[in-house]
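Input: structures, listed below.
Next come two complexes built around subunit A: one with subunit B, the other with subunit C.
Now for the complex of A and B:
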């Protein structure tokens, strides 16, 4: 048996092992603990990459925990799969890779950033657990396990957001997030329970093959969309997001971005692979589109007036999630219409998928850059900063790349995905594209503001002793910069090898169900 | 928290140990009977809650070495669990590699402890006992922090 068959399990097992051995390794000192954090996240990244490569070559990877044969999903005589099943198709592997990159970058950044603080063994342990939760959400094939992983991720993030427990704001942000996210989780659990009660199955593929769209399924879909939209920070449920992103240590904010994308992944997975064409009527797609429009417009209008650099970026997260919701909403709208799908629906989904990746990369980089400013100046208020470009040239360079990417300036990666979303939403109604464009312009405006106030201008006396951040932090930001530049400079390769297989896998409901229900062997 | 009366303390002296034994019993038989690792571990953790309520916080903190719960119990449980999961790996992650074959059950009519499941249940029990005891102790410490109005400052913020 080939060891690469075990990649889906190892993707979760390695960071979990890292989280479990942290207290023991921490006895050996700081150096050992830091090495553990970097090695664990790096190995996870390698596994995620190998899994993605494996999935592209040999199709959807299925893994049955504890079975005699790792891919025996339906032992003879069974009508439904019963064991814990991991299912990684091209889209799951894509999301896992994206999350693993963010996790590795955040870990590198945290080494120097968190140096002066106590309780680092808990930080490392929770950081690995948050990675497990995020990766688990992306590759699980089972609704209840999705709930379990979302809870692992939530509980780890409660602890990490409140990590600076001597700051009252951090504890408040964590408490707010706890309340909101627990309500969302319970709604999600109710929805999954309703599906289990009716179909006696929890596997996404199994329910997908049985699903008849009735009244109960409608309610379940509304519950799932509402709760997962809350988890990923869509507009009316976004109030936890700026607080928690701003108050968490920057390395954690970087990973929280990936976690919110994993929630969005869950939403999209349920809509496309569980419901698929049976969703039929245009109600839910329009709800998703309207959520997206509201998020992107109100998110960005709240962002432009912020002074606090991390809160500003938090509101931009709300706005950016709107683009993906718009793209996926347009895709859902024409899911059952082959002509519309070929004309613009698939492009919209590609735009959404690509934007998920781009957003994770540049937003993580922006949070790390904001963390660097906080590290050197001790301030988060833009009004107190200025003239830092001379002092911190590398940080400035990486910040400019990330800011250009989020604003959608060509040739950066944000431009490609935004263009796909504009074009396809224009085909549904021009006003959708218009709102998206206005939001993009406002995004550019607010990042010009950040760049101008923090980096340009005369040197300030208060910052005479400011130096460039330590190499660990630069390395963390460098990882993300390299990924952004690579994706930006080779857009056609990225689209055909990276985004298109993922989008195809997302649309291909029969393929997702067949990988589990088709007998397995 | 002040110590309770002599009657309560004597009652605690008698029953806390039975509670512990009962909890361990639930953990050990968890693989095939009601209860299991988590429930048994929670019962074991009530031991510390018993002591805390009857003897008061000051005394407990002088008795208890938190490392026993934090490091020894939790780490043993967690590492035992994940090691067992990894040991199934040549076949599959979490594979039950020393299960007793079905034929043995048919011959003897006895349900044997099913391999790794039973050990994992014990691992979960150890972990939960340690973790819940830590939760009780930390929550109690938290109350004292608020009442004393002393919040520790992180050294990292003063740069």
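Now for the complex of A and C:
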């Protein structure tokens, strides 16, 4: 047995170990604790990369927890898999890699950003747990474990959003998130329970091989889509998001972006791999498209009028999720139509997958840049800022890169994924692309506002002593900037090695099921 | 080419755009170099012209605040924003309420459609 066979388990074990040894390691001092955070997230990133590489070369990785033979999904005599199974296809591995990059960048940033605050051992523990939850959601092959990882991520998020518990706003934001998140999670649990009751299985592949689209399955699908759309911040269930993202420490906001993408991953995984063509081409695809259009338009129009920089970015998160929902919705619409899929459906799915990656990178960077402004000025209100480009040239440079990318300005990465979504949604109806384009223009407008008010303008007396942020924070932002620039400069490499295999894996329901059930659908 | 993406409807060449920006930057800098040679940085020539008034010392007094940005847009869209901002009450029961409403509507419609 090769050690790389254990990569799926290691991907969860390393940050989990990091979370539990933090209180012990923290006894050795701040330096040791910080080293643990960086080493844990970096090793997790390396494992995620190796897993992605392994999946690309050898195909879907399957790991059966507690089984002597790591890939024996159904021991003799079994008709359905009963153990906890991790299943990483190209889409899962891609999402895990994406989340691991955000986790590492946020950890680097947090070293200096959180300096001077007490309770840092709890911060590091919860940060590692949040990473476990997010990664677990992307590589689990089991519905109940998906729920467990969502809960791990949620509980860690509640603590991290309210980390500055002396701020009433932070506690309130955490409370709102707790409430809506738990209601959505309970509905999700009901849905998974209903599937278990009928099919006697919790494994996604196993249920996918048996599923018939009846009354109960329809209601279950609605519960799952609505709950996960709520957790990834789709309109009109998004109202917890700007509060939570704004009040969390910026390193956490960076990771929360990846966590919301893990929820979106769950939504599309259920739609494509669990239901697949049985879902039909009418109701749910159009619901996803409409949620996408509403999210992108109403999210960005709310963002334009914000003057708290982190709330503004929170509303942009709602808007960006809309692009991905639109892309995936268009893909779902033609899932059973080979011609439509070849003509524009696959391009739409590629756009959605590519945008998930791009969004995680540039939005994480934007939250870190906003955190840098807060760190140096102590302010989040754009009305109180100005002329900071002179004082913080590196932060300004990285902010501009991220702002241009989110606005979809060529030649940045956001443009490529948006282009795929515009063109494919135009093929369904021109009005879909028109709404997406208008939203993009408004995105640019609101980031021009942020750039003009925070960075440009004359020097202000209040900021005479402001200096560039410390190197750890620059390094965190630098990681994401390098990724954005690399993806922007070489989009075809990103498409060929990352996006296309992930998109193919997503639409290949038979392949996903076959990896567990031995090809028997 | 590493920079070309074929979208199915056309293609996108990142490197061609970067080349375009490079050429544009060259001409921009060239035109700039043709400007007045008697300009001296750090002298009165650098002073802000503020409608012939004395320029306040603190830059904060002559900055355009974020609230003032896109004032016309917000004014023109006032009825739209009244409704949209109105639904963002920030109250926890309302946030959960929207989720429940969406689930209820979807549950009914999926059975009808």
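Rule of thumb we're sticking to: the second predicted complex is superposed on the first by the 517 of 521 C-alpha atoms of A that agree within 3 Å, B and C clash if a C-alpha of one lies under 4 Å from a C-alpha of the other, contacts with A are read in each partner's own complex, and residues count from 1 in each chain.
Everything that follows uses one rule, which is that a contact is a pair of C-beta atoms (placed from the backbone, for glycine too) under 8 Å apart; a residue touches a chain by one contact, two chains touch by 3 or more.
Owing to the predicted nature of the structure, the values given are computational and were not obtained by experimental measurement.
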Three-chain arrangement built on subunit A, subunit B and subunit C clash or fit: fit
More subunit A residues in contact - subunit B or subunit C: C
Which superposed partner A:222 touches (first subunit B, second subunit C, both, neither): second
Touched partner set for A:148, first subunit B, second subunit C, both or neither: neither
First (subunit B), second (subunit C), both or neither touched by A:116: first
Touching partner for A:437 - first (subunit B), second (subunit C), both, neither: neither
First, second, both or neither for A:21, with subunit B first and subunit C second: first
Contacts of A:298 with subunit B and subunit C, given as first, second, both or neither: second
Which superposed partner A:424 touches (first subunit B, second subunit C, both, neither): second
First, second, both or neither for A:386, with subunit B first and subunit C second: second
Contacts of A:400 with subunit B and subunit C, given as first, second, both or neither: neither
Shortest CA-CA distance in Å separating subunit B from subunit C in the superposed model: 20
Shared subunit A contacts, counted only where both subunit B and subunit C touch the same residue: none
Partner subunit A, residues of subunit C touching it in the complex: 1-5, 7-10, 12, 14-15, 17-18, 21, 48, 57-60, 62-67, 69-70, 73-74, 77, 80-81, 84-85, 87-88, 90, 92, 94-96, 98-103, 106-107, 109-111, 113
Touch list for subunit B against partner subunit A, complex: 70-71, 74-75, 78-79, 81-82, 85-86, 88-96, 151-157, 159
List of subunit A residues in touch with subunit B within their complex: 1, 6, 9-10, 13, 16-17, 20-21, 23-24, 27, 63-70, 84, 114-118, 164-167, 378
Subunit A - residues contacting subunit C, complex: 175-176, 179-180, 183-184, 187, 215, 218-219, 221-223, 225-227, 229-230, 236-237, 239-240, 243, 282-284, 287, 298, 301-302, 304-305, 307, 343-344, 346-347, 381-383, 386-387, 410-411, 415-416, 419-420, 423-424, 427, 445, 449-450, 452-453, 457-462, 488-493, 495
